[in-house]
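Sharing a structure below in structure tokens format, with a few things to ask.
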């Protein structure tokens, strides 16, 4: 197990353990290497860099995924991740509302729907 | 002068005084109402909400504009804004590098070029 | 109730009464302020401006949402809205077909699928 | 000369004679067939369909190109086209402002900058 | 039956017979002309050009639809098309993984999910 | 020098030596790590995978960058890269023309303009 892989798993333990397990399982038969790149590059090399705290990182990711609007499942994963690294629900909602200004109302509304779903699942646990 | 307009100007005094002046002048003959909407809605109603601090707001905006890649001038304005509300250059660069993961390398590289230009102008002052 | 809010509700009564009710209910527990911004800013301040008739406004919105392709639910709302302010089904279909030229065939085909669903629901009423 | 080509040229005579001449010249050495497709398919087959008047077609195109934000030159061509088929400057500006709601402020501001440039060139003639 | 239409049908017989039949049926009551444009322009005029073999064409299309991320159904059609014109599953997966670099991980992961679904359906036949 | 870095440089020697040198220099003072990620991850880990030949890889990248339309400089780099790994000018032009179908005419026209510029520079050498 490479150093990058180990660091990636460590970061994911903090950020979103469940999401990566589901991702690894779902990519396992078609593109297992893509799951490896997510762990080694995204979480092992990028998210571990010291220049930015994990809370700010998740604010950035929730903002970008809301604005781009092309990946609702990953947005939900990162809303969960944001909660896991110290964002409040109110802060997450606020980041999404702000995207109205840069990507329009439909993108922001769809982002809120993703947050609503995440919050509801957590409340039902 | 409405309350929203006044609040918007106050927020902009903190965030990016120069940018809005340039924007108002450039929209003045074609669509002055759009400058008003920026001041009253974006800065008077959205950015003034209490749920998120201005530093986190600019991290979100720099992330989204880097990822979307369709507005290099506004990205530069918000990199300046981010510096004005407490982000370090290193943090801004890091937000942009992270966008590699969500919008690809070209979007991130173009974001860094925008940051480079902003930093250079500040250093020349 | 502010003047903007009242005007927004009035515009929505004409354009798409049902859509906003559903939107308000679905945002109510997570981001009620976003529904307020839709009513006050989008419908109270922008759609009420005199410079463009509502039919032309809906043509513009159906075109943009088809081309962007990131908000199928809102596209359906605006296809309904377009019908409510005087667009014929044939005109709406034509706007969507034209988007082939600016956003490609898949975006246009997905737009037609949205229109088909809206028309079918209306025919079943 | 095929029927489609002839019809395309006729439509372009009304809509934007200059734009297509410039386009044909600029594509001539690298991809002349792409200019042919623009004339034969876009203007000969799509824009000539009876279901929508040319003014509404240009409103749709200006809206989409503003919202997508990836083709400032073509947006300027279609702002000129919109003026040629009966849109007022005020109407064009209004379509662009409305895009704030669906694609965010930066996209709308960039659209206004395109309109400003077109209007200025016309005033200098 | 025009020459373009006949050529389009011939190309589609090779590339993806089933997809176009489903498309024609689903567009039949709302926008049959759009299905005609797909056959005559996309498959009759563009895909039949000699300058590029069909395998390279499908690599290009799978890449673009993965990167744009706005048309999962059409991506699945073109993954099937790619298989029909000589791409291996491994090559298709690789094109999609490569899109990580240009459109980010979520777009690539969603592309793999589309491929997985196509492959599974073929294996169940 | 890590194995990945060495492999990345080797791949870039074949594909586009000049582009990476320029990129490294331009990122050097602001985000040198981003240039490292390009070399190590993009060219060292992804482009070196055996499942797809470099010519097919560049067809995929030219297609995606044309369709996305957000990175004209990188598109030009990859048009050069495509030529370096065996694509003919005619094939590159054809990939770009095909993008008309998936991203619309303006994206394809802008792609051709990028190709034209690359070809012209090579002819002047």
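A, B, C, D, E and F are the chain letters, set down in written order, and residue numbers restart from 1 in every chain.
Note that in this section contacts are C-beta pairs under 8 Å (C-beta built on N, C-alpha and C of every residue); 3 or more make two chains touch, one makes a residue touch a chain.
Not measured: the values here are computed from a predicted model.
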| item | value |
| --- | --- |
| Partner chains that chain C and chain D have in common | A, B, E, F |
| Chain pair with the higher count of C-beta pairs in contact (A-F, B-E) | B-E |
| Chain separated most widely from chain D, comparing mean CA positions | A |
| Geometric centre distance via CA averages, chain D-chain A, whole Å | 39 |
| Inter-centroid spacing, chain B versus chain A (mean Cα positions, whole Å) | 23 |
| Rounded Å distance between chain A and chain E, as computed from the means of their C-alpha atoms | 30 |
| Multi-partner residues of chain D (each touching 2 or more other chains) | 33, 37, 41-42, 46, 49, 65, 67-68, 70, 93, 97, 99-103, 105-106 |
| Residues of chain E that touch chain C when the two form their complex | 23, 26-27, 29-31, 33-34, 37-38, 42, 65, 70-71, 73-74 |
| Contacting residues of chain D [partner chain A, same complex] | 67, 99-106 |
| Contacting residues of chain E [partner chain A, same complex] | 68-70, 93, 96-97, 100, 105-110, 112-113, 115-116, 119 |
| Contact footprint of chain C on chain B as seen in their complex | 33, 37, 41, 45-46, 49 |
| Complex contacts: residues of chain B adjacent to chain A | 41-42, 46-47, 49, 51-52, 56-57, 59-68, 90-91, 93-95, 97-103 |
